[in-house]
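Chain naming follows the written order as A, B, C, D, E and F, and within any one chain the residues start at number 1.
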Amino acid sequence: MTDKAAFPQPVSGIVTPRFGDVATFMRLPLFRDPSQVEIGMIGVPWDGGTTNRPGARHGPRQMRDLSTMMRRIHHVTGIAPYELAKCGDLGDASVNPASIDDSLGRIEKFYAKVHAAGVTPLSAGGDHLVTLPIMRGIAKGQAPLGLIHFDAHSDTWDTYFGDYKYTHGTPFRRAVEEGLLDPKRVVQIGIRGSLYNRDDNAWALAQGMRVITIEEYFDLGVEKVIAEARRVVGSGPTYISFDVDGLDPAYAPGTGTPEIGGYTPHEAQRMLRGLRGLNLVGGDVVEVSPPFDMSGNTALVGVTMMWEILCLLAEGIGKRKGRL
Amino acid sequence: MTDKAAFPQPVSGIVTPRFGDVATFMRLPLFRDPSQVEIGMIGVPWDGGTTNRPGARHGPRQMRDLSTMMRRIHHVTGIAPYELAKCGDLGDASVNPASIDDSLGRIEKFYAKVHAAGVTPLSAGGDHLVTLPIMRGIAKGQAPLGLIHFDAHSDTWDTYFGDYKYTHGTPFRRAVEEGLLDPKRVVQIGIRGSLYNRDDNAWALAQGMRVITIEEYFDLGVEKVIAEARRVVGSGPTYISFDVDGLDPAYAPGTGTPEIGGYTPHEAQRMLRGLRGLNLVGGDVVEVSPPFDMSGNTALVGVTMMWEILCLLAEGIGKRKGRL
Amino acid sequence: MTDKAAFPQPVSGIVTPRFGDVATFMRLPLFRDPSQVEIGMIGVPWDGGTTNRPGARHGPRQMRDLSTMMRRIHHVTGIAPYELAKCGDLGDASVNPASIDDSLGRIEKFYAKVHAAGVTPLSAGGDHLVTLPIMRGIAKGQAPLGLIHFDAHSDTWDTYFGDYKYTHGTPFRRAVEEGLLDPKRVVQIGIRGSLYNRDDNAWALAQGMRVITIEEYFDLGVEKVIAEARRVVGSGPTYISFDVDGLDPAYAPGTGTPEIGGYTPHEAQRMLRGLRGLNLVGGDVVEVSPPFDMSGNTALVGVTMMWEILCLLAEGIGKRKGRL
Amino acid sequence: MTDKAAFPQPVSGIVTPRFGDVATFMRLPLFRDPSQVEIGMIGVPWDGGTTNRPGARHGPRQMRDLSTMMRRIHHVTGIAPYELAKCGDLGDASVNPASIDDSLGRIEKFYAKVHAAGVTPLSAGGDHLVTLPIMRGIAKGQAPLGLIHFDAHSDTWDTYFGDYKYTHGTPFRRAVEEGLLDPKRVVQIGIRGSLYNRDDNAWALAQGMRVITIEEYFDLGVEKVIAEARRVVGSGPTYISFDVDGLDPAYAPGTGTPEIGGYTPHEAQRMLRGLRGLNLVGGDVVEVSPPFDMSGNTALVGVTMMWEILCLLAEGIGKRKGRL
Amino acid sequence: MTDKAAFPQPVSGIVTPRFGDVATFMRLPLFRDPSQVEIGMIGVPWDGGTTNRPGARHGPRQMRDLSTMMRRIHHVTGIAPYELAKCGDLGDASVNPASIDDSLGRIEKFYAKVHAAGVTPLSAGGDHLVTLPIMRGIAKGQAPLGLIHFDAHSDTWDTYFGDYKYTHGTPFRRAVEEGLLDPKRVVQIGIRGSLYNRDDNAWALAQGMRVITIEEYFDLGVEKVIAEARRVVGSGPTYISFDVDGLDPAYAPGTGTPEIGGYTPHEAQRMLRGLRGLNLVGGDVVEVSPPFDMSGNTALVGVTMMWEILCLLAEGIGKRKGRL
Amino acid sequence: MTDKAAFPQPVSGIVTPRFGDVATFMRLPLFRDPSQVEIGMIGVPWDGGTTNRPGARHGPRQMRDLSTMMRRIHHVTGIAPYELAKCGDLGDASVNPASIDDSLGRIEKFYAKVHAAGVTPLSAGGDHLVTLPIMRGIAKGQAPLGLIHFDAHSDTWDTYFGDYKYTHGTPFRRAVEEGLLDPKRVVQIGIRGSLYNRDDNAWALAQGMRVITIEEYFDLGVEKVIAEARRVVGSGPTYISFDVDGLDPAYAPGTGTPEIGGYTPHEAQRMLRGLRGLNLVGGDVVEVSPPFDMSGNTALVGVTMMWEILCLLAEGIGKRKGRL
């Protein structure tokens, strides 16, 4: 492909070692104009929807820092994302730590602009509520979306503290209500943890969401879970949302609502690699909370999941653009 | 059941968020009079039996803090402990950091009072020696007990440093000698680690204890280990003692004598869930040592195991009281 | 005094060592009915006004835990607060992590009830915005108050992110606007740090607040600063608000907006001890953020400042009640 | 001044909160072409000269991250650096972790280019050896320089491990030997710590360097130390090198060779502020080692010292350019 | 065996508890004369070959400290190494943090002396480059060696930063080139992580090395991997090199180049135990980096792997010496 | 002096860098026979007297590790201890974590042997109770001793938990009762913290001890405190006991009973340097608790205080032996 030469590339480790220089996602160039890229990596430094332990607002920076550990080519699939698509860091969405409503508006607006530029977004949260305004922003022309949702929690509660409708426990209920998600094309993987009420997950099930609890996950095994996820979302436009608390907290201690007993990063990698060829329109990794893991280990896990999703997105674009 | 309305309930998250207010076990009310409850959650803030790294004396407070993450209903079994039994926090047993003997006496006395009030105790250690005075305190009318013992170590050494008989390496030998435990109804799961002497576990085996090393554990798999544990303890009164060092230290680094290569929390949860229907008279989670894990991650694992045991105990009481 | 015998006392260390049992402020009993006490220690587990690093919502619990280090009698002044006043832990004010407005209302209501019961409140934040609803709650019959304000920041900004008026950078501007504070009876000690705008502190100065920057503080010395503070607040009703970021961050790293170059804890203790005999109506210690100092060292500093303020408040009550 | 409107400015906190977006020094724009700025902030992510605890190679990134805490105007001097000079982040100098010699060459070359563009460099190390190639790079037309050197160590050893001449203990000896420094215009402040040999500092003294030990520092007091430093360097071109281990390790634990008993950050700030009006040609802050302080507290101290030096440099440029 | 009585033994826990006294490997005596032992445990405190996060130079001390957790007899195989071979701590090899070349020479010389004394070395790194001079030192009379290599990385890159041939990414390429290793008798287990270039592992494969990626590892299972490793190395002299980053970083976070998704310590133990009876001539555990895990948990994992290898080596010597 | 050539010397940094090799105190040789040295550095890894936060049992190892930062010659006094006296590491005293009484006996016996060999001991605790058996061990021929005692606490309580006489709060009361200390020759520096009872320090004062509270300390200043300490102990045999909690916890967070508001390390160094020429018979540094400061910063402070005391002791021996 003649245009590949001009694709943005990560800073060369020959000039500055990987731990050096300004930290951008994957050491890619920073663009303020989304039209320069096809895949835009975006931070959403906001945790105003967090009802328990805060800190995910600091996630994008730490994930950018640790993304330096990523190299250029996927060691299993051989996908070379920077040869298949124009990728770049688009900086952070504008947010307002003093207002949930204002932040929801700012984030939606940022993503609407990105979407209008034809960019596929790959985001780093932020708490899980950020997925809602992201979906609002990219809905045009493709909603309702399917969703592959890795998480310990269903995040389909209705309200909190009475009638507060916007927290990191409610985004997918809102998204269904708003027509952003097609509940029948939603699969949730890893759900667990004690319940507030017997019917915590009832609404999700009633809408037709496919909830794979961690117990079912272990009983089925990775391959069957992949097959089930593919079956659920089918060939329609699909979004991947990866909450790091789906993993066991030993692998991702830096998160706000840890639930013991999750899957391993290797298993998560296998699941993500099993999603090749789907019709993917974006993805995010959320709930990395640096104050609860200053070592950066959680961010490393999180950003490696971003790398896996990036390869999926780039392969899709490469195919569509005839670069493969 | 008409009496359920008056059962103690955790503080509502609608009034104060889960991270708020005074930290009690499971956010339950604190009772100084044991006769108010059927299941009493008790701390034993003592590590005077520790021969290596100390700190488990700080375990109960950190476990109370992290117990805030627990909700009300078990997500797999559906058990709702606070509907099935009167549960409460009974505070900490009295202990004396300057004397092993005095502490053993104080702890036994505390539990004898609890036992006399008809309460089933669920305790948070403290080092593993605390299980001995607990057993002494609850022996009346039900000893010798059976024991399901999760641990990396057999804790059946004889003496230490010559003729010192009371350390966290000796409680179960003492318990057998004192007639508190029926060694033929003891099963130990996860035993491993290099040995001082070739016959470190010989005494336990000679008494008829069933020692499942971690190697045998992995070879058998969780289901067969559950079956074996149920076979060993049978229908007699049985106690569960969960030392967090039975888990791999990646999941529970905050402990005094870590041994690499243990089971995962999910596996431990599965094993505990496999113990439904046994004749359980109490349980404990021990050896959480906060100074070696200030993040609270180990305490979270520990207190989730308390939650699993709580559900088992509550179901048993609920059945006996005809509330199910 | 005949009534002293019935004053609430901390749990005896002879029964349970200081690190044991449920953690309440100063190991005092927990009362849900404020009318039982004269000085009520209260947590406000909320950081919704934080524009930078969050986590102060976890402050009250960690401060309760570390308050266990406090004993009964002040080693310099000889004040024995539990002999001079009925003191107790009143638990945490109700808050809502998902709404600033709702939280402001809940907190105000909680304190109004405490105030109506004739209780002098001593609070543990939470971020500095919590001082605003506290002042609203206790305003009746005594506002406008004087204020002795220890802090690196003036916290008199107007708005944030456009027109957002309620953040931890604005409480004292709002309090003056609402008539809760008399700006001419406000003294701020330790102000420093680079500025957004040249006139960041202009509003405060224009209102007549006395701003002692850290540079002036070091030039004057502790004794003259005490004299100046006493002069400013005079004999009217006065509140003490201690933001731990007034201290150098080496002493209080667990805070959201550290500014290097502050005073030492010993100096702060001297300043607080210099406030004996003022007409004090309450106090707080805010901005302890446990996720940024899991060791508890910051909380220990914070709670020792609470102890110093407690002794001041108790002496005042003791005098008024004729117990001295 | 008409040209000020076009000066680079930090990202506005109204668009993205200070903890958000890609971390550059002081949130300034990143320039790859040095001719765009007058003051260039540069990282040197290299610790190949470290003979004890490594990690300073990670310093620039963590200092960029914490520089987010800096605002726009100096709260004591009123200096507004971004109005007085064109400031920007120039990224990191190229280095080679596998070769001291190659790194010395790469760094010198980078700075020579910066110097040729007329830029005043303000750098973040890296270990203290990086100051040598920086000085080589900026020598042209202005060497030998004067030096104000804050440090616990004289860094004028000769060789290490036999005949190895390039370590973080030797840069200023080499610089004198090479004619980069005028030893009679060098002042070192805070020197302390046990000695290898009785004459460890003899060479420095013999060259005419002014060595102010920490003991003399405390005896003289800040004002006299400032006067002495100004006297020593006079009106000639002068460089400021600030090793964070000159501070007491309580304030800067994240460093490779801590020596207890140093000055405080406030004292260091006062000393730096005392250097206004000197003929300053550059500065650096070195030996921040993130692996030894993942909290970022040391980096915050370090980057605040960069802010102080930045204000000095900008004022000088502002004066020379007639912008004041 | 009559000579066993005089074998060096670990300090008795009856005299000083295991956490006490000077920390040597396994609490064995320290010998400066290698001729006193048959198995010499050696530290190589050097990380000059590290291209990313440094700190492995501090590995040997922390591993000695944690080795205190090891006891005397293997709990699965029953091997009692101190009865089968004369074991001791030989201190650290001489190194030079200021020179790669000098260090390579010093290390080789140290090991050549050890080898000449007939000692089997078991080493604690240091970064992985140290394996190269170790192999040079022990080559005489037995090279080319076979290698069982546990690692996330192949460490067979050619050069770095142009033409720098000696980094922790290149030792095994150099070793093959120098005839120290027989590539056809090399097996690598656990290789993974994104690639710089599509052919990163091509050279290794072209030489005939057997590369078992982590994906193949999980597909084969532990038993088949053991069989394959045994097949590859056959009966010739073989070295074991265990890089802790082969493990999942949850188990070994204290390392320089973590790659998520590795094996567990239990699996590694099983693999090592599967190597009994091979013709083993030495081993090492490398890349433990204490600054990235001050808790010592990574060092505990590392030193337990040393214990496993020690038992293998001692059994081999015991057999050859007719002590079994 | 002709015998100096044979004095034990620290391991040369030319052979192995300071962070390398087995960690002994000050990198000195380890001797099991005390008669080889004149000054013996000894660890007492025991915290059985700790009534609050444990962990000081791990102090000696961490202090040995950090002692590597010490060099050979005092930078202020010029004292070269290894030229003035035969110094060595004597390992750790035998202790028993399972028994206070047995440990007191073991420690006394160890020191009696050291004392009988004519050795001046310099010890690293352990908790403060260890000073009691040390004093018992060295009493022969020189008791009652004078004492210069740096601490936040008087450590002269009578009993704990009823009638328990041996805790880290009681050693100096016991020592006076046993005739080991002459209370009129005891000075305590830095006493502070809230009190259990109004007369907590009454006993000490009644015996004639000179108690310098931290408030008096700051009022007097270092020079007058030195003069007062010298006046109190006079020319009789005197022991120095340095509890790191006398320092402000910002400098020594790794300790069991922190009290905010202490002196700085520089001030402590000045005080110790002010004790030259006294008749010193030994010293200790106690209460370094590594689990509460894994960074080693507290141990570095502690071991630097050991270095200061070592220089005092060596100078005294040098004078007596005519080596000066």
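Operating definition for what follows: a contact is a pair of C-beta atoms (placed from the backbone, for glycine too) under 8 Å apart; a residue touches a chain by one contact, two chains touch by 3 or more.
Source: prediction; values computed, not measured.
Looking at subunit A and subunit F, the chains in contact with each of them are B, C, D, E.
Among the remaining chains, E is positioned farthest from subunit C, on the basis of C-alpha centroids.
Computed from the mean C-alpha positions, the centre of subunit C lies at a distance of 56 Å from the centre of subunit E. Separating the centre of subunit C from that of subunit F, both taken as means of CA atoms, is a distance of 39 Å.
In subunit D, the residues that touch at least two other chains are 17, 19, 51-53, 57-58, 96-97, 161-162, 248, 250, 292, 295. The touch graph of the protein chains shown belongs to none of the named shapes. Per the contact rule defined earlier, chains pair up in contact as A-B, A-C, A-D, A-E, B-C, B-E, B-F, C-D, C-F, D-E, D-F, E-F.
Against subunit A, the residues of subunit D that register as touching in their complex are 15-17, 19-24, 30, 43, 45, 57-58, 60-61, 64-65, 89, 91-97, 294-296.
Of all residues in subunit A, only 47, 49-55, 57-58, 96-100, 102, 160-162, 164, 166-167, 291-292 touch subunit C in the complex they form. Against subunit E, in their complex, subunit B makes its touches with residues 51-53, 161-162, 191-198, 213-215, 218, 248-250, 253, 257-262, 292-293.
Those residues of subunit A lying in contact with subunit E across their complex are 13-14, 17-19, 69-76, 78, 80, 248, 250-251, 264-266, 269, 295, 297, 300-301, 304, 307.
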